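In what comes next, subunit A is part of two complexes: it sits with subunit B in the first one and with subunit C in the second one.
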Partner chain A sequence: MLHMVDAVFLALSVLTIGSAIVALEIRSLIYGSIALMLTLSGIAGFFLLLDAPFVAMFQLSVYVGSIAVLILFTVMLVRRELIFNKIEDKRRRYAGIGLMLALMLGIGMIIIGSGMKSMETNSPSVDYKKIGEDFLTYYSPALIVMALILASSVIGALTLARREDMTNEQRAN
Partner chain B sequence: MSTIAPQFRLSRFVASLFDIIFWVILIFSLVGLPIVFIVLFYIKMPVINGQMLTPYLALTWMADPSRTLPIIKTLIHTTFFHVLAFPGFGFAALLAAATIFVERKFLAKIQLRVGPLYCGKVEGILQLMGDGLKLISKEIIIPAKADKPIFWVGPLLFVGTAGAFVSLIPVARGWVVANPAVGLLAVFATIGFFPIISVLTAWAANNKWTFIGGLRALHQMIAFEIPLILSLLSIVIMTGTLNLSQIAESQQHYWWIVFAPISAIVFFICILAELERIPFDLPEAESEIVAGWLTEFSGMMYGLIQLGTYLKLYAFAGLFTVLFLGGWNGPMVWPPFPADIVTQGITIGPITAKIAGLPLFDQDMLNGTLWFVIKTVGVILLILLPRGVFPRIRIDMLLHTGWYKLIGLAFINIFIALGLLYAGILGPGGLIQ
Partner chain C sequence: MSNGLIDFVLVSVALLAIGIYGLSVKRNAIRMLFGVEMIINSANLNLVAFARFIPNSQGQTLALFSIAIAAAEVAVGLALVIVAYRMYKNIDIEDFRSLKG
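Take a look at the complex of A and B:
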């Protein structure tokens, strides 16, 4: 008996994996990045299925809303010859597919062996306040480390973007 | 004197009307009725209350208000009605369409012009309908070297995303299409799609003006999304929830604009930038880059983009109302329904109709909708106002405003909110509940 959740899960899986393959294989870079967006949205759909709307919304706003936009931006502004070298190799492709199948099989065996066989679909959605509490109590060292890494990367980006030669010469104000 | 049909005769017009009515009746009775009876012969009619539902009985029920009203009442509370009509698309599209017309008249009055005047005799009130008919009947031209799939899908995606945004706005207590626990995050996720759609359609049109406009839209929206999110954090800190209905509910006694005025100002400026309105209309700057990322759209594709833009405007104004201006909360001004309408019936002249369940909406909902619409229309007018007053600003000033000033200002109000919370004035167990 195919349940509603199973049907949605199958549809999402087909969407996510299909568009991931398209993102890798298609020639047009723009369509590739659109397919990547679909993949990331499909992952947000999985989070919704797993009763984690908080993570799903962040997946959408961060990955689709920001990172996919950055990729699109790069693809549109950088000249194609610079990032699109033709090193196609049949043997590499088959090796990649084989490696992926081996990895998938391995991970699948581990998951099936661990006893996680069914999904609880009727449980209430994860409370985001609980996530916040956990972050500020038990996982607070991780939060501090993340904050430090982010702050240092922001400072690094600002340092890289700072250009002394571009002072306001042309501007009227 | 009409110039469209100079040979017009009223008598011929009436005669042609009678002609059409005659042929319709003739064809219906000779062809339509037999088909209806043949179809009825094969269809198994449902049995309701021991009576078989024949078309005759169905028509009788439809004519009897006491039997139809419960059906309508159930229909009003279905998701179908919510999505299509009241808090969803129909209501928002009505307000959006009214906004388009009001904008033209309002700007005209600001600048001492007359605005639309002739269409519809009274103050050009049919101008909008005329424009809509023109857009529908106009040819859709696709540039030869455009990327056709993205170019076709772009306007539809734009309207769809705007509709998704509209569905998150609560209009009255319990009247909202989608009410997720993480509503505000859903809003952020939804508005993240707009820059992608703009830049993709701009690229797909294969035109330098659209591409420059699209890149400008992308820069602008990304730059103003961060202060927009930060400015709303103070509201989240003070209410302790992300659900938009609960945020509106929490403002029964005072509006959040009292405690977060800087956030409100930052949010309002970000709204102007996200909507690409003057003074931030660089993506559509008509004197520099034709019409920006909308240059190549024609006919109903342009119409869809316009519809999406104004739906987005309504949704942002509604969001401002819900977050800062108390949403549907307001003094009860809607008169209560007299109880004897239901029990005694309505007497109109010689006829007394006794109708069960007549008030389709309760007083609370009507009052809430009234206040929500009043506040939202006020915010919409405030959003329209700069267009009549301000010039366009330069792109470096725009980015400077977004990345430096507004982010700093948004942080100030976050600290004010935290201070109010820790001083025990707001929040759970605070002085003001």
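Take a look at the complex of A and C:
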């Protein structure tokens, strides 16, 4: 049906999809977040295959380096029995699996039937120097706005997670 | 390059479907965040794949912006989960009754 893909691609897709399923289905949330880390690293591998090393390194440093560690620490903050607790509706679960398969088959069939199949490229990949140049010239206002969004969201997260009761106790002492 | 565009797009569709499954079935707030992460990553994979095959550099630029915004989103989302956990002593979203409507 499709042309041959190389072994690296196959291994990466098995790693990505498999660890995505494991991340959602394994009982312990800690192992789940480690599996999510594997999924994100697999996506970074796809970026390397697509000749986008800059995006791949960004993905590794931001997702695997910071977001996954943030999730791990949050998981460790909740109570022990909640980490292993797995509550879900059986009927809802079967409906969800049906939805997932329908989405995969439906969109997959549309994509396989479309003209994307013949799309291959021999053109050289984009130089990542060009991306850095774009960031500092054409996209520099967007870069500034993004920095402001990041700063405000981190301040917002800190404000949300602040413990009022702790400070009041300390004030009473 | 031996891999066509369609291979990357199919992997991205599979990841999107798994993310939607996690978001719709799981009741654990942190697991729902996992689902959101998968959906965002499948979108990023699409962006970079199309940017490679067109080819131009704007797809990669947009993917970089998207990754940064996703980092901000996760920070706020986890802070919300921690606040809700402190209020209800649980991370099951069925327990977050007063968040309804």
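Here is the rule we go by: the second predicted complex is superposed on the first by the 110 of 173 C-alpha atoms of A that agree within 3 Å, B and C clash if a C-alpha of one lies under 4 Å from a C-alpha of the other, contacts with A are read in each partner's own complex, and residues count from 1 in each chain.
The criterion applied here is as follows: a residue touches a chain if its C-beta (ideal position, glycine included) is under 8 Å from a C-beta of that chain, and two chains touch if they have at least 3 such contacts.
Note that the coordinates shown come from a computational prediction; the quantities given were computed from them, not determined experimentally.
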Of the two partner chains, subunit B (first) and subunit C (second), which one does A:125 touch, if any: first, second, both, or neither? both
Just to be sure I read the superposition right, which of the two partners does A:76 touch: subunit B = first, subunit C = second, or both, or neither? first
Taking the superposition on A as described, I'd like to know which of subunit B and subunit C A:54 touches: first, second, both or neither. both
Give one of first, second, both or neither to describe whether A:66 is in contact with subunit B, with subunit C, with both, or with none. both
Which holds for A:30: it touches subunit B only (first), subunit C only (second), both, or neither? first
In the overlaid three-chain picture, which partner chain does A:39 touch, first (subunit B) or second (subunit C), both, or neither? second
Return the chain, subunit B or subunit C, that is in touch with more residues of subunit A. C
Should A:21 be classified as contacting the first partner (subunit B), the second (subunit C), both, or neither? second
Which parts of subunit A are in contact with subunit B and also with subunit C? 54, 58, 66, 125, 128
In the complex, subunit B touches subunit A at residues 147, 150, 180-182, 185-186, 188-189, 191-193, 195-196, 199-200, 203, 215, 218, 222, 225, 240, 242, 396-397
Of subunit A, residues touching subunit B in the complex: 30, 34, 37, 53-54, 57-58, 60-61, 64-66, 68-69, 72-73, 76, 125, 128-129, 171, 173
Interface with subunit A, subunit C side, in the complex: residues 1-11, 13-22, 24-28, 30-31, 33-35, 37-38, 41, 44-45, 48-49, 51-53, 55-58, 60-61, 63-65, 67-76, 78-83, 85-86, 89-92, 94
With touch defined as at the start, can you tell me which subunit A residues reach subunit C in the complex? 2-6, 9, 13, 16-17, 20-21, 23-24, 29, 32-33, 36, 39-40, 43, 46-47, 49-52, 54-55, 58-59, 62-63, 66-67, 70-71, 74-75, 77-79, 82, 85-89, 92-93, 95-97, 99-101, 103-104, 107-108, 111-112, 116-126, 128, 130-131, 134-135, 139, 142, 146, 149-150, 153-154, 156-158, 160-161, 163
